[in-house]
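Read from first to last, the chains carry the letters A, B, C, D, E and F; within each, the first residue is number 1.
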Amino acid sequence: MSGPMLKVENLFCERDDRVLFEGLGFSVDAGEIVQIEGANGSGKTTLLRILSGLSRNYEGEIYWRGEPIDDVRDQFCRELLYFGHQPGVKALLTPEENLRWYCALHPSLDASRVSEALEQVGLRGFEDVPCHSLSAGQHRRVSLSRLYLSDAPLWILDEPFTAIDKRGVAAKEALIGRHIARGGSVILTTHQDLQGSSAVRSINLDQQGGT
Amino acid sequence: MSGPMLKVENLFCERDDRVLFEGLGFSVDAGEIVQIEGANGSGKTTLLRILSGLSRNYEGEIYWRGEPIDDVRDQFCRELLYFGHQPGVKALLTPEENLRWYCALHPSLDASRVSEALEQVGLRGFEDVPCHSLSAGQHRRVSLSRLYLSDAPLWILDEPFTAIDKRGVAAKEALIGRHIARGGSVILTTHQDLQGSSAVRSINLDQQGGT
Amino acid sequence: MSFNSISEFLTMGGHGLYVWLSYGLGLVVILANLIAPLQAGKRLRAQLTRRLLRESNGS
Amino acid sequence: MADLLTNAAAEQAQIGPGGLFMATLRRDLMLSLRRKSELVNPLIFFLMVITLFPLGVSPEPGFLAQLAPGALWVAALLATLLSMDGLFRTDFDDGSLEQLLLSPQPLFIVVLAKVLAHWMLSGLALTLVAPVIAVMLFLPAEGMPGLMLSLLIGTPTLSLVGAIGAALTVGLKRGGVLISLLVLPLYIPVLIFGTSAVQAAVTGLPLGGYLALLGALLALGLALAPLAIGAALRISVSG
Amino acid sequence: MADLLTNAAAEQAQIGPGGLFMATLRRDLMLSLRRKSELVNPLIFFLMVITLFPLGVSPEPGFLAQLAPGALWVAALLATLLSMDGLFRTDFDDGSLEQLLLSPQPLFIVVLAKVLAHWMLSGLALTLVAPVIAVMLFLPAEGMPGLMLSLLIGTPTLSLVGAIGAALTVGLKRGGVLISLLVLPLYIPVLIFGTSAVQAAVTGLPLGGYLALLGALLALGLALAPLAIGAALRISVSG
Amino acid sequence: MSDKKWMPRWFYQLASPRWCYQICGKLLPGFTIAALVLLIGGTVWALLFAPADYQQGNSFRIIYLHVPSAILAQSCYMLMAIAGAIGLIWKMKVADMVAKSCAPVGASLAVLALLTGAIWGKPTWGSWWVWDARLTSMLILFFLYLGVMALNSAIESESTAAQASAVLALVGLVNIPIIKYSVEWWNTLHQPATFKLTEKPAMPAEMWLPLLVMVVGFYLFFAVTLMMRLRNEILRRERRAGWVKEILLSNSAV
């Protein structure tokens, strides 16, 4: 693959008359981790939602594999895995039922490996417990287990390590490392330091905003 | 004050036939930080809810300043500040309105210092924005600002640093340090390491559970 | 004895259906209230015993 | 920096129970007014019912007049019941309820304030718009005082009793037709006395007896419900 | 470990749109059945209305029979409307809606499946219990076919139109746009044709015309609503 | 703890599940025999020997099922509420279990009262159901039972479920006087009370004597089924206690 996977040019966004970033430009290559940094309220989540296509409240250009993203929305969705602030786990369903629906929703998720993925995030034995009686960390792990199932090249992760214990964070970091090694790329935010990973490029939004 | 503030003896709790801890005993003295550790789902939140009196699903004894906690519930509530998983912030109210209600609810919170506290958690300028348009970290900061207002000797904090940026975490740690220095005590859980603080005693729940 | 014949007893002066339906229902309710706890008790004991044996063998 | 709380300081805390009552009342009213939309907003529901009936059933004045006392009371009852579930649910979901239970202030004060706020936006609002709607449904003018009085005395009981059901079910993730199953049986006496009062008023019979019964129910509710609600909340949260 | 997705692999993805439709239908039905509760559970609501009417209004068979067609249709309409708000709200709150919008599968499939699930537990369920309730309200037997047919054809339109309103308002935390204000005007034609059909059936008049009109509304809704719902969802989430 | 001092000894013992389990076991056979004798004897008397009513004819014989079940349904509710209150206040586990065991029995008796009443209504009033105050309040009682049972099964934690249903049962207690006085407050179709403490029954003795037998028989029968349920419940809740394990193992060894 030639050229960057995702390229952003001259991005501008404001909320409630407060400029979050302007003239923001960067690109994400295959095999790269980009960490968005910034204080609380600096606009990290806003940026990730814009990149993933959820929010259209911006000005500027975004290119996916060289083409304007609006022209290749379908292809882009197919190659994207997004993990947002709200993990998207239904409290009334069991972890397994939750995952099966995700597999139906997104072709890049492999339905045959669901129980394997649940085991890898440490939810063996909880497959048929409704998610509302899981602990905070276990709840998020249900959604994180999609990372083990996904073949999508681009991962956009918004604070994936929240509420996860240290062993879990290390495992997720290793997983991200493997994804990079396979030629995928990752855009993430986190307030913790990434320990193991090597090729991390960070973009700081604190200098971007206005007041 | 002589003797420990809070003393726990022979605590037992199970959920769904899974023993979370049994025979647990420890005490918390004035000027001490106790960190509850354990993997996701090991029962930290459950323990904190039991200690604070929210959950009665346990067997064993808890003493507050030497007396069984059920006999001095009122006094205990007066001297306790609890910060749970869910921060208890109303999305439709502004940070200031939220805090004012808390001040009415709990006599240990000082209503005259509300705007000062909001400034200290970095929410100056957001006083009259409804909380639903705050970022994840700012949302939790609204509830954390109660720490700046409270005179209660015992703080029970369940993952207070979630979604808070590094500068914010450092400030909260300093605040906890000052609370300790004044003779207060803190029971908390967090999956991050406590950096600055000195007198931290940890209790690990991973060894406690059954299967 | 307020009836002279079996058939008179069964028809109850035209109200047989109502009376017998009621007494039938009464019988059903009483029997159900005896049988249900008996059976539940049996099942419970069997289940608890099985679990107990399994646990005592297991450890 | 201030010293830690001592017992002496606690005694003279600035904000007493009265302050808490007012603060909670203000907060709950503010929340409801800001949310405006709320499909189960009792007034909206009430108005919907009243517009739909003439359209769906029959626009004849005579028929509507006969329907009016019952329809108004049924609508008031449903409106209360439907809005009940939210009374503690949002507080439970966002963690405010935990904070409320850990407050050293007496629980029944907050509970009463919340129920009062709920009633002001459901029962009281309904009572105030009821005459307008009754006119639209051609209720004879003689029925008006009976209608308003019975709603005024009856709806607080609905809110109080409904709050018990809401408190009992707030912790449940699944299984909550419950609240209607739990509460509806207890509403039926109020409904019966209420409509009887209106019908008595329409036909010119004395309605003091019905109002007295409604008042007795209200007194009972005011005395016991706050305790039951408080206990139910503690039980639900501890589950 | 498997290779990253290539375009070729994407084409032959295992689960196609049909699979997604079924999966979503199953999931939504499962969710509703597990929650059992849902105060606004249409069936419960329907039953409540039907028990309260004889108690509150009048237990006379003649009067109830006259009331029945309209009351049944009004109850069906309210039940649908009240349950509508939850259709996308829970998905929005827990983040599932974002995932749904980011799926490469066509959005209208998921939307249709969700509306179908909603209808099966509201409109369809109502249609099936309607005869029982109609008997309790002493509706003459001749009205039965008209009642069931009109409900069967009319309620899907209610669900489809309601879903547009739900999608438009799902992102609003506060906000004056009321789902009921948006949707109610669109419901009124259905209500009028529906009750007319039942009344025609009761009096022995032909009801084909009314049913045809209801059918036309349904066809229009099926063709346009899914697109409108999809667009509305994208707008609401991007806000 | 200190406020328990004034309680009599049997109250402590009642609080012990083990003692309760054993005493129920001892009482059961005697109660069962007495209940069966009274019920069968009463039924035979009611069906064969009691005179027919001069107005209602033989349909009157339904009273011998209808009234006992209606009375029992209410008594059972009161017992459930009182036991629930004891469980709430003194945290007595056995009381919780009694309350939980009461609900299904009471519900079935309420159903019986409703159905027999409905059946009786057809020949006497000409319709199965009228929206009469006593009928309605009895229906409410049935719904209250359903509510208690539903709440009990909806909450997973056993102690929480017991407490929550106790609160509900106590609240529902207001319905009992309503049932009782409904016949006096509203002018209704339904008969007023037959038995009053202050007056002699209006019925002739050969009519109300079998009724009395049936009522006592129903009470005994209620005690029997309640004790059976209670024993099950004790076993289930105390499954981790040593004495339960002993009982189970000694049974399985035989």
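Just so we're on the same page, a residue touches a chain if its C-beta (ideal position, glycine included) is under 8 Å from a C-beta of that chain, and two chains touch if they have at least 3 such contacts.
Which chain is which protein? Per UniProt: A, B = Heme exporter protein A1; C = Heme exporter protein D; D, E = Heme exporter protein B; F = Heme exporter protein C.
No experiment lies behind these values; they were computed from the predicted model shown.
Enquirer: If you check the contacts of chain A (Heme exporter protein A1) and chain D (Heme exporter protein B), which chains show up for both?
Expert: Touches both chain A (Heme exporter protein A1) and chain D (Heme exporter protein B): B, E.
Enquirer: In terms of touching chains, how many steps apart are chain A (Heme exporter protein A1) and chain F (Heme exporter protein C), taking the shortest path?
Expert: Minimum number of steps from chain A (Heme exporter protein A1) to chain F (Heme exporter protein C): 2.
Enquirer: Which chain would you call central, comparing Cα centres to the global Cα centre?
Expert: Chain D is the most central one.
Enquirer: Would you mind pulling out the distance in Å between where the CA atoms of chain A (Heme exporter protein A1) average out and where those of chain B (Heme exporter protein A1) do?
Expert: Roughly 30 Å separates the two chain centres.
Enquirer: So the centre of each chain is just the mean of its C-alpha atoms; given that, what is the distance between chain B (Heme exporter protein A1) and chain E (Heme exporter protein B) in Å?
Expert: 45
Enquirer: Calculate how many whole Å lie between the centre of chain B (Heme exporter protein A1) and the centre of chain F (Heme exporter protein C), each centre taken as the average of the chain's C-alpha atoms.
Expert: Taking the mean C-alpha position of each chain, the two centres sit 48 Å apart.
Enquirer: Could you pull out the residues of chain B (Heme exporter protein A1) that touch at least 2 other chains?
Expert: Touching at least two other chains: 16, 56-57, 85, 91-92, 130.
Enquirer: What residues in chain D (Heme exporter protein B) touch two or more of the other chains?
Expert: 34-35, 169, 172-176, 178, 184, 188, 192, 238-239
Enquirer: Would you give the residues of chain C (Heme exporter protein D) that are in contact with at least 2 other chains, written as numbers and ranges?
Expert: none
Enquirer: Spell out the residues on chain E (Heme exporter protein B) that touch chain A (Heme exporter protein A1) in their complex, using ranges where they run on.
Expert: My answer: residues 1-5, 7, 9-10, 13-15, 19-20, 23-24, 27, 30-31, 34-35, 90, 93-96, 98-105, 110, 237-239.
Enquirer: What residues of chain B (Heme exporter protein A1) sit close enough to touch chain D (Heme exporter protein B) in their complex?
Expert: 52-57, 74-75, 77-80, 82, 84-93, 97, 100-108, 110-111, 130, 143, 151-153, 178, 182-184
Enquirer: Once bound in the complex, which stretches of chain A (Heme exporter protein A1) touch chain B (Heme exporter protein A1)?
Expert: 15-16, 38-41, 44-45, 85, 122, 126, 129, 133-138, 141, 159, 162-169, 191-192
Enquirer: Considering the complex alone, what residue numbers of chain F (Heme exporter protein C) touch chain B (Heme exporter protein A1)?
Expert: Per the stated touch rule, the residues are 156-157, 159-160.
Enquirer: Can you tell me which positions in chain F (Heme exporter protein C) touch chain C (Heme exporter protein D) when the two form their complex?
Expert: 39, 43, 47-52, 57-59, 61-62, 65-66, 69, 104-105, 108-109, 111-112, 115-116, 119-120, 122-123, 221, 224-225, 228-229, 231-232, 235-236, 239, 244-245, 248-249, 251-252
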